[in-house]
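What follows is chain A paired twice: with chain B in the first complex and chain C in the second.
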Partner chain A sequence: MQLTIRYFGMLAEATAITEEQLQTEACSVSQLLEKLKIQYPKLSGKDFKVAINQQLVAHNHIINTEAEVALLPPFAGG
Partner chain B sequence: MSFFNSRYHRQIILPEIGTSGQDKLTASKVLIIGAGGLGCPVLQYLTAAGVGTIGIIDFDVVEISNLHRQVLYGESAVGKNKAQAAKTRLTDLNPTIAIHAYPEKLTTKNALSLFSAYDIIVDGTDNFSTRYLVNDACVITCKPLVYAAIFKYQGQVSVFNYQNGPTYRCLFPEPPKAGSVPSCAEIGVLGVLPGIIGSMQANEVLKIILGLGTVLNGTLLMYDSQTTQSSTFSISRVASEISKVLDQAKDFETIDYDLFCGIKKISEITAKDAFLIKNAQFIDVREAHEQPKIESLDSANIPLDKLGQELSTIDKEKEIIIFCQSGIRSKKAVEIFLKHGFVNVSHVKGGAVALYEIIPDLTDYRNL
Partner chain C sequence: MEKKKPKNVFIQGAISPEFIGTSIAKHQTKTSIGAHNIFLGQVRADEIDGKVITAINYTAYDEMANQKFYEIRETTFAKFDLTCMHIYHSLGTVKAGEICLFVFVSSPRRKVVFEALEYVVEAIKADVPVFGKEIFEDQTHQWKQNS
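Entry: the complex of A and B
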């Protein structure tokens, strides 16, 4: 399954990319995150929400089709 | 054409606005929390558009390092309170509206009465404690919240608690770990970014007042000034998050948002260190029947569920050391003390068991 992953804010710094195409067997958000945290250890310990196809979802959300996954951290600045 | 109409002529001739739209602006009251990077453009555009009553709350003073992005201020404002300096500039921009400056910190004590006097709240703060405080106060007082926050070259904007839509807690139920998300002061920001994002906030405020277009209600907009791309994400209302806020609404004034956001930590000390503190007031929050008793320790026994009623009998000046059996109830007790204005409070790691174990050495410690 092909996913497009988008990293926002400090998550793009943790992964050193803003976007990537990923071929993965992960079928839930939590499985996907486990894999990403192995690939990008700096993602561990970061707080963020996940959106699939522009819709915020819970970590038990099932991913079974091609999708765009966005990792959205909170920002503090003003 | 009257002087009033000339001022607003270019927006009144928009068919969607007209004089009735201008009347709506005149009748509306908007409170801006924080007159910094985001607050400045919000204030500038809302004042210019003729929002009838504008409130500005900010305890901070203008610094020279603010001027590259907080474009309301000039060098003459350096050292002055931001709310008052903003009012001075804005009064010159539009003397026909009412501008109230509150040169103070937004707290759980003043938030509810302040919010109640306005129709729309704008979050231009720079830290999570205040953001959660603002969100919860908006939920309790039923006010729409026009939210934005920035990080380096990116910004996020949304409208919360509007037309039964989601709140900030529906997006981020828990604050991030303290210190994990840096501020503009720590990592820097290009001045134009808060200018863009703050202008988007002003736009949302005007849309709400005028009933124009589609408000960012239930939508998080992410903007990247490096790519000039914006993306939107839908957020759903999470009833349980909103209930949490409403359930503790009556205790709102006692909520410690710094504690909630991990900025203030519950201090834990070892049994050995606890004995080293001179004149400490030990409090055992276990039930009276629980063992082991620490006979040789001069302590007050106030079970956790009675603590609230007994707080007034405890000396605030003394250093307070709390223990229970294992350290769980004592941690809750520390939270209660902190919420009620006690400062020097800690709890014993390992609780009564840990204290009991070092009692054979106690004489040595006391003689140190």
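Entry: the complex of A and C
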């Protein structure tokens, strides 16, 4: 399945991209993050939340269908 | 009661005092209102390790942020007896001393607007995916985090 991964704020800075497409088997959010941290070592140690199709999800959430996955650093509105 | 579909809350750059004044003026025809309450978020020139913040550059996950603003709006209308509510947030660069968040709630009675405004502002700070890059005078930066 294909995932669109989006990076924001300091995470976009760490990966030097804002968006990419990724082909992957069904996996949990944690498994996906492990994969991304290998690709982008600067993501390690960063504090962030994950949204799938604009809904925040827990790290044990299983991704089994095409989706937009957003990596969101701490919120700073206002 | 004013209820709208998700709309764009974001404004490019700082929110001007004129915009806020005009927004207040527009409510003079709504004569069931007896109390307005307004929150204005202003960029602080904090000093960190001897360097002063001169601006914040805001970015957002726009689609999710506008959806969150909409949910906050719906929840607030359900919780409080408000006549209307407006939320505007800056994107892009806002200099120290300028306004980056404008929340405006109105009701027939004052007690409601005090509670509703705090509720809305706290929800925005906690739930809306907006990110802030704090720019120092030497053009270095750090990332803002709401406490």
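Everything below uses one rule, namely that the second predicted complex is superposed on the first by the 73 of 78 C-alpha atoms of A that agree within 3 Å, B and C clash if a C-alpha of one lies under 4 Å from a C-alpha of the other, contacts with A are read in each partner's own complex, and residues count from 1 in each chain.
Basically, a residue touches a chain if its C-beta (ideal position, glycine included) is under 8 Å from a C-beta of that chain, and two chains touch if they have at least 3 such contacts.
Quick caveat: nothing in here was measured; it's all calculated off a predicted structure.
Counting residues of chain A touched by each partner, chain B versus chain C, the larger count belongs to B. Of the two partner chains placed by the overlay, neither chain B nor chain C lies in contact with A:Ile62. When both complexes are overlaid on chain A, the residue A:Cys27 reaches neither chain B nor chain C. Once the two complexes are laid over each other on the shared chain, residue contacts for A:Pro73 go to chain B and to chain C alike. By the touch criterion defined above, A:Ile17 reaches neither chain B nor chain C. Using the contact criterion defined above for the overlaid structures, shared-chain residue A:Gly45 touches chain B, although it does not reach chain C. Shared contact residues of chain A, touching chain B in one structure and chain C in the other: 6, 8-10, 51, 54, 70, 72-78.
Chain C makes touch with chain A in their complex at residues 41, 58-61, 63-65, 67, 89, 100-101, 121, 124-133, 143-146.
Contacts from chain B toward chain A in the complex involve residues 34, 36-39, 123-128, 131, 148-152, 154-156, 171-172, 174-177, 180-184, 189, 194, 220, 222, 224, 227, 231-236.
By the touch criterion stated above, chain A contacts chain B in their complex at residues 6, 8-10, 18, 45-47, 49, 51, 54-56, 70, 72-78.
Chain contact summary for the complex, chain A toward chain C: residues 6, 8-10, 51, 54, 70, 72-78.
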